[in-house]
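Two complexes, one shared chain (subunit A), two partners (subunit B, subunit C).
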Partner chain A sequence: MISSQAKDSIERIFYKAAQARLPMAPGDVCDIVPIKPGSVAGKGAIEARAKDGGATQAGRPQAPTGQVVVLTISGILFRLMLLLHFNEDDSTRDYFVKDDAQSTFGEIVAEISNLCCGAMNQELLRYFPDLGMSTPYMLSAQCVPHLENLKPSYLSSYAIQLGDSVYVAATLCVCAAAPIDFVADVSAVEESSGELELF
Partner chain B sequence: MAKILVVDDSSTVRDEVAGFLRKNGLDVDTAVDGKDGLAKMKASPGIKLVVSDVNMPNMDGLTMAEKIRGELANGAVNIIMLTTESSPAMKERGKAAGVKGWIVKPFKGDAVLETFRKLAN
Partner chain C sequence: MTQSYLVAALMGSVVTAIVAYFLHRFYAAQATTRIRVEAHARTDALAQTQARRTEETGQEEQAKQELESAIVDLRDDLARQIATTDEIRVALKTAVEEKDQWTQQARQIADEASRLKSLAATFERWHEQMISLMTQNQDMHAKNHELSAIVRHVVIVSLNASIEAARAGPAGRGFAVVASEVRELAARSEELSKSYRNSLHRNDLTTTTTFQDIQAGGKMITASLGSVEALANQLQSKLH
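And now, the complex of A and B:
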């Protein structure tokens, strides 16, 4: 129900959004590797790719723990869910929280996820003007392997390395209500976020 | 110095925006959602600029803007939306609600500081 070029487009839009919004500092590494759909592998997948030179889609299924940040982009034709899994270990906490004593780790990663999904929404709106986006919400990471039960038209997962030692997992799950076919030209989009548009 | 009200359900964004504006000498109050923002507007009629998220629990930012213009009959305060939403339809709804401007997140303080100063005076 989703054409291969539409799947490629969704993935390109995700890559662009993740690379623009997930790193906390300009110039930080943001290495994204496809992994087995529904898994929450992180470091293992990145290391596997380093060993095999990217020849295979690495993925090391792990028992999902903790929580995932979930956002939904919905329209008449489809519902897209973005799930981001952040390990709450010391290096991840240090990377995202830094010296912010006012906000919890969950609040900070929810807002970062909101920005990432917002960037995807901004791109997708060029092709599907009826889309609306949810606010971020938290679910147990144990839900991730069950996404297949939704019978999605598109399901893909990624391991993301940020900086030297932070690993995040992301899953895209798209349930289509009608055939979807579009080609996203992400390179042609101008960066307009952060600017004030006066009416 | 006129007061600016920052309305966002994300404490991360509230702190980031309010902290930046305070660091640059502006007087800032914060609210956690549209309902709280509307209450702060009622309590502090001297607020000259509202910077608000759109999607929030209890009351969204556009409904708050409509109520500021309608229920509070405050046509003077400048309302800017700071949101991940960027659809033309949403912006049109903002215009109809009396919103003065629109910023797609993330917040880039240096790009808007001088305009915020003007709108807050």
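And now, the complex of A and C:
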């Protein structure tokens, strides 16, 4: 249903959006590693990297616990769901909340997820003129394994390392009603002034 | 003497008269010849003038015929032009009427697209209903959690009952069977509770993704209707 180059394109768009929107400081590390199906989030390459870097095991997202932010981009022939799983540990909280006393951790990660999904939406609009994006919603991480029940045409998970010790898990799920094939060129320079348009 | 003078005078007068007569005749003949020559010259000039006039008249006649022919042609042309102008006028009138109709239709499309954009409110209403459904789901999660805690407690109680039955020896044999049955029921309840929890999580995901799809689809439709409205407005302003 979704061609391999379209899957690669969706992945490239996600990488670009995550690298542009998830790091809180421009110079922060943002390493994204795909998680093979069946493995626990964080296992694999990023786990090795975490060990090498001296990070604790608690730093990795321990699916399926905690909360995930869910967002949907809908087109005429497909819908794409982005699920971002933020650990609510001290390092993650310190990284994202910083000095913001006005907002809760949930509100802040929902906002960041919204920006990330919005960047994907903007990129996808270049290939699919009719798209709309939902507002974010928090769900239990135990819902994530049930994505299989939606009979997705494309399902892929990633472990994202931000800075030295913050780990975020992401899952992309695309349900298509017709064959999808496109090649995304993500080499365009990121526009930094479009944030308000995303809402 | 006097007579001779008179005769001489008479004779002199006669001679003078004869000379005067001849002189008169000579000068008269000269004048006649001169007048005749002048008359000939004038006759020739008049003939030439007459010839030129005749030639000019011919040319004028030809020019007149050409002009008349041109006038006929122009009249025909004018008639044709008038006919064409009438046709064009009719076509223009039809085009103007059609343009007015198109303008009206473009306005109708723009109005309709604008009206349909309020569908977004309907989609938002559906999305808000998700919150209500999810609240119910969370309530069921809490109840299931409570049920799970009770079942775990029952398992412990049944284990204690089994221990007590074993202590009672042969008298507690029947009680041991009951305790075992209770433990069995508790285990089945625990399985059921886990399964129910899974169903609730699945339900959470399905509900959320479905309603988000509705919400995002609504935004997509609203944006598309916005484009249709903008295009219809552009068309309307071009037709004006």
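General remarks:
Keep in mind that, in the parts below, the second predicted complex is superposed on the first by the 166 of 199 C-alpha atoms of A that agree within 3 Å, B and C clash if a C-alpha of one lies under 4 Å from a C-alpha of the other, contacts with A are read in each partner's own complex, and residues count from 1 in each chain.
As a working rule, a contact is a pair of C-beta atoms (placed from the backbone, for glycine too) under 8 Å apart; a residue touches a chain by one contact, two chains touch by 3 or more.
None of the values given here were measured: they were computed from a predicted structure.
By the touch criterion defined above, A:Gly118 lies against subunit B but remains apart from subunit C after alignment on the C-alpha atoms of chain A. By the touch criterion defined above, A:Leu150 lies against subunit C but remains apart from subunit B after alignment on the C-alpha atoms of chain A. In the superposed pair of complexes, A:Arg21 makes contact with subunit B only, with no contact to subunit C.
Of the two partner chains placed by superposition, A:Leu162 touches none, neither subunit B nor subunit C. Of the two partner chains, subunit B and subunit C are each touched by A:Leu131. By the touch criterion defined above, A:Glu107 lies against subunit B but remains apart from subunit C after alignment on the C-alpha atoms of chain A.
Legend: residue contacts after superposition of the two complexes on their common chain; A:Leu77 is shown touching neither subunit B nor subunit C. Using the contact criterion defined above for the overlaid structures, shared-chain residue A:Ile2 touches neither subunit B nor subunit C, since it reaches no partner. Across the superposed pair, subunit B and subunit C both touch subunit A at residues 130-135.
Of all residues in subunit C, only 127, 130, 134, 197-198, 201-202, 204-206, 208-209, 212-213, 215-224 touch subunit A in the complex they form. Considering their complex, residues 70-76, 79, 81, 130-135, 137, 139-140, 142-144, 146-147, 149-150 of subunit A touch subunit C. The residues of subunit B lying in touch with subunit A in their complex are 9-13, 15, 55-57, 80, 83-89, 91, 94-95, 99-108, 111-112, 115.
Across the complex, subunit A meets subunit B through its residues 21, 100, 102-103, 107-108, 110-111, 114-115, 117-119, 121-122, 125, 129-135, 192-199.
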